[in-house]
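Provided herewith is a single structure, encoded as structure tokens, for subsequent inquiry.
Every chain is named by a letter (A, B, C and D) in the order it is written, and numbering of its residues begins at 1.
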């Protein structure tokens, strides 16, 4: 096999793993955001946030 | 007198998760942009650079392999410092930092392993040699996975953080021993003909792309790390809110 | 000897269980901790025994027979679990604890046989602990309090799983301990049948704890 | 402290104790190997020390997770934590008892298994000696894992996963020393002394880490 194959393969692998990490962080963030939104919709907020709204 | 106290206040400001979140919100787009720019330059340079007279174009693997290997160690160091923060200063953000770093460390270590063996195949004719460096990195990978497993196995985040902090520190003092012992083992078992990566000094033509790629990877790590920390903080905040919700529901009933 | 607790607060996981508990007990006095389930009785006792770090506040033993750094060193802790090995005989269990715990200054523990006599189970120390009934096991766990002298007894639901006769036996043990100048702190649902004890009513912490998150 | 040692030893001998299981596991693993690699006696003699070492490594990890978990379940851990005696010392004694009950039988069984593996006298002697020095190190570093996983209901497998990478140096120097004893040019002492040093090092770091983990995990 040509050397180019190994170079391409390693760049692709590196990209895939990094992409996976980015995806993990991003999806995790979206999921957390959705949960927070749902809690907020149910009227549950942090106390500090409540005070800010009141004041 | 005022200066240290100011410094302490700065530190504890940063330590407050809410402040930290605000800081992350400001910083992360810039960090991400910087990372992208660095990668653009680094990738361009690494593909524009000349081929090595010995290794041909496989030398380009170095531009991802070496930074990833560097990150695999730096990430563990970050985790060890966070572990100290957890155990000595009992800092909540240190818990978060160590927990968020583990999957990133595992990821970069995996990159180092894959690219290492992709480099090894054309150079040494085999995917894997039980070389001291490769073996140590593999052990490091196992330890990252063990830490992730430990974190997943415990439901109480504070206790999981403390347990993994101890494990991280035990691992931190052990990694040099493992490295040393594998080197010893290697000299016993391996024919000396196997190629060394640290042979000749690196030509400046390769050094620049390598450096820029290393900085780019480091920036990538920090970007992902603070974002993962943000996720973890949100996760804990959600857990607290849910508990409060459950409690107030119980009181109302 | 005085046991002084000042402004104790404790957390379990992320939740604040109680806040700002203060009391003072002198030698020869007992404190009964009462309150509903989940009001933090067990947590308070574990904080006193040094098994759980207090979020704030201190608990110290002052003017004891020997200076102690931690209250725990001068204390017996009888928790929900008996801290006895099922595989070993009662005698082996108690002998181990007697040797391992050792006596605190200012008193001496009873021998294993005497202690077993005191809890009313004299003849059966040769049996494996696992073969005893739940009530007998609990009594033998109480005998553990007697084999090594500790001025402070921290008792978490000591009379759960005991019948009335055993309860009065236990009240006798505590009274004898108090008369030797000891201190007893017990969390309980049932009245222990002790005279002249102080009571600490745990209400639980109903407010919402402020967390860093 | 002697009382603690005696109690733990008694416990491991009684029903449900792990002493016998470890040796049985060790012997079974070693007995199974020839079926995997074939009955070639020369090959067995060559890999014998390594097989014995790997078997011993796995066998000494076997009962480790129960080291503190059993104490935690019946409440004894609370009392051990409360005492004036430094917890590190208590943990050290418990490790020692665990090694006497499970590690030492492995060492004693190893010459017999060495014969099955067609090893010569020098190899058997060297293996036994290195196991004698090396298995305590595995127990000590394993105690750190056991302390970390004490509160986990299914901690057993996790302890092995966490501890095995840390035990690599012990394995390397143990096996190296044996091979150095068999093959003439390589000197026996350096790897053996490093093994001793590792043992001492782990004897400190293991109990310290385990004690810290136990303190932090109590609630």
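Everything below uses one rule, namely that a residue touches a chain if its C-beta (ideal position, glycine included) is under 8 Å from a C-beta of that chain, and two chains touch if they have at least 3 such contacts.
Since this is a predicted model, take the numbers as computed values, not measurements.
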| item | value |
| --- | --- |
| Of B-C and A-B, whichever chain pair has more C-beta contact pairs | A-B |
| Farthest chain relative to subunit B (centres taken as mean CA coordinates) | C |
| Euclidean distance of C-alpha centroids - subunit A vs subunit C, Å | 49 |
| Between subunit B and subunit A, distance of the C-alpha-averaged centres to the nearest whole Å | 17 |
| Separation of subunit B from subunit D, taking each centre as the mean of its C-alpha atoms, in whole Å | 31 |
| Where subunit D touches two or more other chains, by residue | 219 |
| Of all residues in subunit B, the ones touching two or more other chains | 159, 237, 244 |
| Junction residues of subunit C - those touching two or more other chains | 208 |
| Residues on subunit B engaged by subunit D in the complex (per definition of touch) | 87, 139, 142-143, 146, 149-150, 153-154, 159, 162-164, 166-167, 169-171, 173-174, 177-178, 180-182, 184-185, 188 |
| Subunit B contact footprint on subunit A (complex, rising order) | 1, 3-4, 6-7, 9-11, 13-14, 17-18, 20-22, 24-25, 28-29, 32-33, 35-36, 39, 42, 44-46, 48 |
| Contact set on subunit C toward subunit B in their complex | 13-15, 206, 208, 211-213 |
| Contact set on subunit B toward subunit A in their complex | 18, 56-58, 60-61, 64-65, 68, 103-104, 107-108, 110-111, 114-115, 118-119, 121-122, 220, 224, 227-228, 230-231, 234-235, 237-238, 241-242, 244-245 |
| Interface residues, subunit D side, partner subunit B - complex | 141, 144-145, 147-149, 151-152, 154-155, 158, 161-162, 164-166, 168-169, 172-173, 176, 179, 186, 191, 194, 198, 201, 205, 209, 212-213, 216-217, 219 |
